[in-house]
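Heads up, the next two complexes both have chain A, just with different partners, chain B and then chain C.
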Partner chain A sequence: MSLVARVLRPLPVLLIVLLLVLPSLVVVPMSFSSSQILEFPPQGFSLRWYEAIAGNAVWLEAARNSLAVALAVVVLSTLIGAPAGIAIGLWRWRGRSLFLGFALVPAVMPPMVLAIGMYITYARFDLVGYWGLVAAHTVMALPFVVLTVMSSAQLVDPTLLTAAQSLGAKRWRVLVEIVLPLVKGGMAAGAIFAFITSWDEVVVAIYLTDPTFKTLPVVMWNQLRERVDPNVAVVATLLFAVTSLVMAYVVLKGERKKRVQ
Partner chain B sequence: MSQPRTGSLHWLLIMPLLCLLALFFVAPLYFVIERGFTDPAGAGLDNYRRVLDDPAARRFAWNTVRTAVTVTVCASLLGYTYAYATFKASRRMRVFLLYCVLVPFWTSLLVRTYAWAVMLRDEGVINKTLASLGMIDAPLPLLRNSFAVTLGMTQILLPFVILPCYSAMTRVDVSLVQAARSLGASPTKAFFRVFLPLTRPGLAAGAFLTFILATGYYITPVLLGGPGDQPIAVLIENAVQQQGDWGLAGALAALTTVMVLVALMAGWRSLTRSVLETGRKS
Partner chain C sequence: MSSETRTGSEAGPSPSGPPGAAARARAGTTPTGAVPVELRGVSKSYGTEVAVAPLDLTVEAGSFVSFLGPSGSGKTTTLKMISGFERPDEGAVLFGDRDITSQPPEQRGVGVVFQNYSLFPHMSVAKNVEFPLRMRGVDRSDRSRRVRAALELVELPHVASRSPHELSGGQQQRVAIARALVFDPALLLMDEPLGALDRRLRETMQLEIKALHERLDVTIIYVTHDQEEALAMSDQIVVFNQGRVEQVGTPQDVYDRPRSLFVADFLGESFSISGQVTGGAFTADGDVPLRLDVADVEEGPARSIWRSGSVSAAPRPGERDSWACVPTTVVASAFAGDHLKLKLRVASGDEGIVSVPPTSSVPIAGDALDIYVDHARAVVVSASGGTA
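Entry: the complex of A and B
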């Protein structure tokens, strides 16, 4: 291979890597800016915006609300989605793929359609606010839980189930004592996706929150539309730091497991 | 394979999900679509007639479809390339490349979109760099146009192409490609005649998913696009927020839903096949 070709060949992939990570990385230096407005490259270095966030009740309150919603969504979507994922992944039954399609549709519906539909429906039952948003986000997070649990349930060796049953275990016991431990990994992955889905959701949250109860993305959205200071970059950086650490852990652990196998 | 006898246990396991979706997903969809026919009282098909006669609605619909198609093409080309590079890379490189695919998932979509706005504007880093290199005299118009929207949405939707493509590639029987090579096919020919057709279901699944998701986008076009890039979602929001016209919003929501469902059915086979095979070892 000529020298030019050797230099040029990895270039497309390098550019795609940049495209993928650049918007996440650019935010970090912007958060340490000392100027009044959000800009890149930032002017000067300071921690003033970190101090501003730490003392700002609106952001802290919104973060608390987001966390409360996301945790409830994780619990509910795992409780409801995991059994369905097991049923799809473990057995073949009539209507299986139709049911799978139905369970996945909420993930591809335009958020704006969901938002106004949920707004008029939930408002009738006085559900706008915390529980309404939990219900909405659970609907949107379920597809990910179903998918990940289904994938790990498909890997369960059917002879294990037959063996347990032939030894006299009831079907419920087989599910709880054999299948459940085997799909734990899928459930954990689904839970992470469910958390992120709720934590990052804007459009539906705009409609289902009110001035007394706002989540982090809603506050960010309002900020971005009005005045733009590095507050948003600070919040983004903090979130980015936490989630990248979690992800690094998950990816490395997954690779190690593969090597052992 | 899977167990043949399940009795009715699977019904018990899926019942909670069916109930939840019926109450909190199907009912809202039904009520918003119903509004399209009943608001104002006795509207019937009037709202739909208004949508079809309205040149603005046609323009917004065209914006939506045009953006979705452009983004799907860009994301498919870049995503497949990236997945192939990942597939061919050494183990360490592969971990790195797979990690990079996941990075976007963990940064708020709002923030990533805004980061583009900061980089692309007239006094942004790209224009400043080009100007200081003497390559341009006046700043390039990079923001508030279709270019910015396509860039922002491609960035967000790329993982949805890369992951199914990569997963399809790992299931390919590599000896088939080697057989083609040993029978005299050039590397290029072996790729296009053997490898690409074998991985096409993954690509199709990714492309359909991208198209369907792109038709529903709201945040990115609003923050990065110009007046000519605003999608139907913006029209729906205007109908609700500015005019309180729930009938029009209902009709638009119904049309959008139908569009998504049609695309979903068109891609149904490749999507379910890709999904149902993801976890299965070949």
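Entry: the complex of A and C
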């Protein structure tokens, strides 16, 4: 490899790190600041803001709410999205692409458009607060579940289903004994994407939450508008940590699976 | 469509009798043993494309029958109608006297072995073999005993706890066979089961499958496009072409007495000369001095066919009288070790390949060469049969 190539090759990665990752990471040192205001570079080092968060009922309540919404979203979007993904990935049927198109709409729709539409319609049915947000996030998470389950269903050799049937398995047993175990990985990945989609979603959440029910990103947003103190940096760091841990788990698990095969 | 009715009657008892019958006699005839399979006028079309034209066929209980034909000839579709994965448009499928035409595949109790093994990748070998027993609600202790027996049958008891992807292709196919046999099916269907294996392994597996058939009381229907495989393994061969059955018979029947040009060509190298059938005799085209008495051949264009054993460039002295001499021109020659392969052109316009013993002077393109064909072993088939 020439010298020029050797210098140029890591350049894109360096640019990504510099322009994308580092700016979002500045909140991490800022969260350990001892100063009263959010600033960079941070002044001094302390855990006072972490202690403040741990003792703050608003933040804790919001974290519980976020978790409760995200977990419900994981369950609902998997229950709806996995069968859809299997149906699209495994069998050819009329209207299959149209169905897939519809399932993917929430992923390409600007969040603002979704938020306004959902706010107007959901409010009419009084579907705000917890269940309203669960419903909205489920819709937004569905494309990820459908796509990941669909791609693992596409890898299932259809003659396995034929073989299972020839060996005496009724249709539902073929599904339970053969299809589900083989798309398990896709379902897990979809569930994780669904969790993250809900966990850090703010635009729709601003519309569909009310003063009695707020999620973490909504409280952060409100705080940022009122006063800029390192509280927000702490929460941002925690959110970031949870998300990265989940992603790291997915990536490492995927790597291990590749090594096994 | 009326012409197809002949196939049913031709599937009569083979002279040697199916080996499965012997096994059955040894084991004492059990009512759950091998079943005969009968197809009554079954047909299948996809849109306007006819996959299988109305077809009558009887497969004897305990016999080994091959469906032989090129891809798209209808053999796999016919197999699927027997396994239940395709529903015939018309006609009936019978196992013994049981009409199972509308029964779903999982209720037919038929073992199926596929070309790509189709082992469940998320289950161990033992779990794969156990699967059909579990689906049938066989209790646990009985299951493990039968799984062991089935794996011993294919000589693979030591791989029980392994994962399918840790096995070689041949081992995987043997596990697939164990899985298809573990529930004692009366009928085993094999769809090009050795197609994915290399040649040497294929030959070993042919013998193993043959030996399994001898030991077990089971009817086997074996789909293949490999004529050597069909000839080596079968009691009966059903030759398919373009959705129709061309001929049913023992391997010797279909090889030595092909009913059509297609069967003659598909079953191996042959040498043929075009001509006409008029008044009970075949006359070769193009002033080739050849005239053969024939019976049961439609008047009109026809071809006379010889298998490699009945064509020679130098017949033994005694044979010269009963063999006819045909003048030919050499088109190409190739040295193949213990023999020469010659591509020859006959004045009738036909070209064919003939193997001859190596001679001191290898004929070259353009040389004239007399070859001899055995009168008695000529097979004359009509060329207007639509299958040429």
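The rule is short, and it goes like this: the second predicted complex is superposed on the first by the 249 of 261 C-alpha atoms of A that agree within 3 Å, B and C clash if a C-alpha of one lies under 4 Å from a C-alpha of the other, contacts with A are read in each partner's own complex, and residues count from 1 in each chain.
To be clear about the criterion, a residue touches a chain if its C-beta (ideal position, glycine included) is under 8 Å from a C-beta of that chain, and two chains touch if they have at least 3 such contacts.
Since the structure is predicted, the reported quantities are computational estimates derived from the model, not experimental observations.
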item	value
Clash or fit, chain B versus chain C on superposed chain A	fit
First, second, both or neither for A:8, with chain B first and chain C second	neither
Contacts of A:167 with chain B and chain C, given as first, second, both or neither	second
First, second, both or neither for A:123, with chain B first and chain C second	neither
Which of chain B and chain C A:99 touches, first, second, both or neither	first
Comparing the two partners chain B and chain C, which touches a greater set of residues in chain A	B
Partner chain in contact with A:30 - chain B first, chain C second, else both or neither	first
Cα-centre angle that chain B and chain C span when viewed from chain A, reported as a multiple of 10 degrees	90
First (chain B), second (chain C), both or neither touched by A:60	neither
Which superposed partner A:84 touches (first chain B, second chain C, both, neither)	first
Which superposed partner A:47 touches (first chain B, second chain C, both, neither)	neither
Superposition-derived minimum Cα distance between chain C and chain B (Å)	9
Residues of chain A that lie at the interface with chain B and also at the interface with chain C	162
Contact footprint of chain C on chain A as seen in their complex	157, 159-160, 162-170, 173, 177-178, 181-182, 261
Interfacial residue positions of chain A with respect to chain B in the complex	10, 12-13, 16-17, 19-24, 26-27, 30, 38-41, 79-81, 83-84, 86-93, 97, 99-106, 108-114, 116-118, 120-122, 135-136, 138-139, 142, 146-147, 150-155, 158, 161-162, 171, 175, 196, 200, 202-203, 217, 220-221, 224, 228, 232-233, 235-236, 239-240, 243-244, 246-248, 251-252, 255
Touching residues (chain side chain C, partner chain A) in the complex	83-85, 104-107, 109-112, 114, 116, 118, 120-122, 131-132, 135-136, 165, 179-180, 183
Residue numbers on chain B that touch chain A, as the complex places them	1-4, 6-7, 9-10, 12-14, 16-17, 20-21, 24-25, 27-29, 31-33, 35, 78, 81-82, 85, 95, 97-116, 118-119, 123-125, 151, 154-155, 158-159, 209, 212-213, 215-216, 218-219, 223, 232-233, 236-237, 240, 246, 249, 253, 256-257, 260, 264, 268, 272, 275-276, 278-281
